[in-house]
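Common to both upcoming complexes is chain A, partnered first by chain B, then by chain C.
Take a look at the complex of A and B:
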């Protein structure tokens, strides 16, 4: 008689990250800390440390990485990525972690606003009537139509979903 | 002289017609024709990349396709637009598998990324298309009494592997373009550090501290103004000074002037034609030095 396998095979968190767009270089990190010492945010806020985010991701601390604020504190300056001796694409990796966190329902509410504007207008900042009038005064040409229908087709084809606002989020 | 497609993005038309106005006047004076295309969308910068990196890359590629169809290179004024589009352009040109994948998505809207154009930053067009010598010749109002602190922002330079604007640690393009106007380019500490703009609405304290740091260090270096290339850096430092005043009780009164505005002035565009009044920190101090 065959013994039934009870163990579930689950994909490790680092595999999940490296399979994502932007997350491919995670496992090249050897924890030297060049990223943290190049980080303008870490200099001001000791709760943010890119090396730590990578370590936790490598160790499989999925919940900790995805649910804490840290991944949202990166200012996307790419200084760390520029200097990483292992060519870990750290800023892209943080985007990948944010993409995963957001699918799991964690994200600051502001991202929901960006997504709403993008879907509705094809722009993330709305053009007011006041500014359109100002353009005329300045002699600037009228703004061209935005390809919002094509944009929405591309968003659908790539599984873009608007993050929901959560009450506990800022 | 070559024509370029102008990629305006969202923030410049919505909030900073002063940037667009001065850039258009500058390029007109220098004989570069700008073409405005239908159907451009948001470039999908970091806030959208944070939601879905693949969607963002596909949308950037879509925008590049529109310029490919027009057969013209893109000039971007905003660092955010430049980064999103130039990164996608370089990545797709380099990686055939990625290109095939993105083209499957673009087929839904009848587009195909071919890799036939370049995405250039406003500074690159000035440097490569016009050149320092020609700019110097065209300067009619040299800014010779002015000490200008160049502020590159992040996404003009990094990631340098894809953007290739200049050396990411020791760039010179902006400094040289400032000095071509007769002004002095001022060195200051942490010149290449972030303005904090993208942290607004997420961690406002950190964002404001980063902006304040620029004001402290450029003031210490004796700058008359900070020159910017990006609408986010501009807002962080211009409106940011009102917030710094409220929170830290510090007044810097440091005019923030887009490079496009500086060069337009040097090329002889009258200040009143430039919407300088829209700056929160008035440019009067700078204009007095030019009189």
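Take a look at the complex of A and C:
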């Protein structure tokens, strides 16, 4: 088994995480691994392990946590959060890490596409002809257009900005 | 009252104080103070010739108040008070101050300022001495008998100790048999020896050596003449005071007369009723008339009320050769009069069915360590075989899960402390008997901190027990494989393991025994946040409670292994002995007194008193006044600080005494800085001042220190008095909230100071002039810093301007 070398640590990183909404419970973790064994994603993809993300955050491996794809793979099922014996809010913590990553310019490009769509059309997923047809079949009314102008006012008031596209991370 | 004739004794501590202070100026100043009839100077007054001078002046010169300026106050206080008492004067008519640590050393660079401060300190001591009143000793009788609640290892050990020392001991046990948890677990770690032995009583003449331990049933324990054992019994009410409790005990019927039963087992063989055996984790059945295991005490059968058919059957009655069975026995109430109570109620396993993902309720093959211990016990339900409860087949793959409900903020946030060792013990015992068994332990951290405990862990590894670092997320059943699967990540390998198991053993958390809350209510004891009984101070006063005369031991305070429980038990016996041995409780009357003319119909003091020493008693039909129980009162004055009507005072710290001190301390400055009054509690606050002086930490001499029993005694109007008397700033110095010697005093003082600040603002006084500080003895540096900080702060604020109202009052 290859042992990875952690290049650089930032002592203050765990403070940065705990000061974030959702990141407050980071330091309660004692690495029991209940989250990892609860995680359906970790079963399928060995590059994702919530316990490891927390450990790296506690150690201050900022670059590693923020630049790797792992934090974007959580499917937010909250299994880990339900079972954590230390009440670490693991899924919320991963959201906090994603927010930090976004600000630092790390995000998968699909999130940039989502954001562009939200700003332009008020929806992350466009309404396809297929969906319209299906709704008609089921007797559902057509989806109303989103008030894009109003939405954009909210987005700018809350500081929502479109993440820059980056070279796809590996 | 007799006119005060004050003798002032000035020690220069081997000339070191007179090098800084102008002693001639001090002497001439003291001479001018009214009522001072004698001044003596010397090198030391707390021992030898100096002490004799004090004694002589009381005897010959008729001095009736003694003021001593010494160093080493805490030691001087004791010696001087003793000598004064021997000379025929009440020892509370003495005031000792420390000119070295409170004046000379912290102000050694400003001798003139120090001399002025010394004058103020002496004046304050003299003014206080004038107002002191004699305080008498009172005696309360104490019964030389004890009640021990709980017949497990801790309760039994305490009982043997106290009985050996000659006290009348009553040991009560809720269950029909003694032994508690230790009897059930069978073996103890780290020696794997038998759990049911105790130290035999020294009254057993046949005990060859006192080091020879014995099983409870053959220890002679039950035959100690001054030990009364009550099984099947529980406390339902306690009245009275320390030294004299009246305890009501409810004794459930056993339906078998202990004096007649010969334990022949005939009743058991004819009893037609079978019921699950709870003692054996319901893994086997027992009869309605039963005994737990053959080696219990008492060796007397008991009838299970819920299972027995009584007169519809009565087969046991027919067969009993000694007519010991009485199906009509009734619940009895027993009243005991005891001087002291020891709580030894122990702990129990947490109900792991709360952890849904472990399916304790769903899968019979998920068991707890205690249930496993019953299986391991040769007297147990399986005769020592490790089986799957679901089908009785041998269990070959066994997985332990640690921290089942411990270190888990959803259930019990604490580490239960003993479960790692329990699992290591049980795992090793299994492996020893069945080397082929596959035994794994899933752990978060293995905690083996006691002597020999690490070797126990080492041996377990040598035996081939597997260790998986990870807390399983779930147990599920694989029906095809006919196994349970424990789903866990080995964090060290970063791999997911699906451990197959015939038997999953949960290392359940340990929680307070059933009925703990109810008993705490009956005894007036506090519980910790985790639900265990609260010890008064685990370091300094272990096994004591806030109720004098009631002690705790064993697992009642927290889960313990047998050696620790035993140690605790002997400690409780020692404490109870100290309390009971003289047959009386002697206490001085440094207690609170109520002025019944002002007091009435409010509940502040009874609620705030940390010792439950104040009650409301009716005087007329609709008028209630507070009454102080002098035995319980600790003389802290938290009640005084709370009373809205000034209706309660301490004999040893009257408001007029405090007012006189404040005025004296503020009557002269002698420094270029504004005066600051530091009101310090006699515990950590005042000793922090001591320690800053002892370390020669410097702070300005404008800071004047006044000692009070507890910060909680301080009243808002005294703060105002201080400002009126000339203070430009007031510091209140108490203990840290969780270290307050009177439980709630410091915290109350802090709240009060917060509201006082609001009031000060109303009066046009800057609230920053008042500040509460909390420190411990060793934080002398913090006191010096605080003193400097307050001085700077009030200097910046400039002179205090008091508003003058129409009446001319401020």
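Operating definition for what follows: the second predicted complex is superposed on the first by the 141 of 170 C-alpha atoms of A that agree within 3 Å, B and C clash if a C-alpha of one lies under 4 Å from a C-alpha of the other, contacts with A are read in each partner's own complex, and residues count from 1 in each chain.
The working rule: a residue touches a chain if its C-beta (ideal position, glycine included) is under 8 Å from a C-beta of that chain, and two chains touch if they have at least 3 such contacts.
Because the structure is a prediction, the values reported are computed rather than measured.
Under the clash rule set out above, the superposition-derived model of chain A with chain B and chain C shows the two partners fitting side by side. With both structures placed on the common chain, the touch criterion links A:128 to chain B but leaves chain C unconnected. Using the contact criterion defined above for the overlaid structures, shared-chain residue A:52 touches chain C, although it does not reach chain B. By the touch criterion defined above, A:111 lies against chain B but remains apart from chain C after alignment on the C-alpha atoms of chain A. By the touch criterion stated above, A:41 is placed in contact with chain B alone, chain C being left untouched. By the touch criterion defined above, A:120 reaches neither chain B nor chain C.
Of the two partner chains placed by superposition, only chain B is touched by A:21; chain C is not. Comparing chain B with chain C, more residues of chain A are touched by B. In the superposed model, A:73 makes contact with chain B only, not with chain C.
Smallest inter-chain Cα distance, chain B versus chain C, after superposition on the shared chain: 8 Å. 79 are the residues of chain A that lie in the contact sets of both chain B and chain C, per the superposition on chain A. Residues 357, 403, 407-410, 444-445, 469-474, 487-491, 494, 496 of chain C are the ones touching chain A in the complex.
On the side of chain A, the complex with chain C involves touching residues 28, 30-34, 36-38, 42-43, 46, 49, 51-52, 79, 83, 85-87.
Looking at the complex, you find that chain B touches chain A at residues 8, 10-11, 13-15, 17, 20-21, 24, 36-42, 44-55, 57-59, 62, 66, 105-106, 108-109, 111, 154-155, 158-160, 168-169, 192-194, 196-199, 201-203, 206-207, 209-210, 275. Against chain B, in their complex, chain A makes its touches with residues 20-22, 40-41, 44-45, 72-73, 75-79, 81-82, 89, 91-92, 95-96, 98-99, 102, 107-108, 110-111, 114-115, 118, 122-128, 131, 134-135, 138-141, 143-148, 150-151, 153-155, 157-161, 163, 170.
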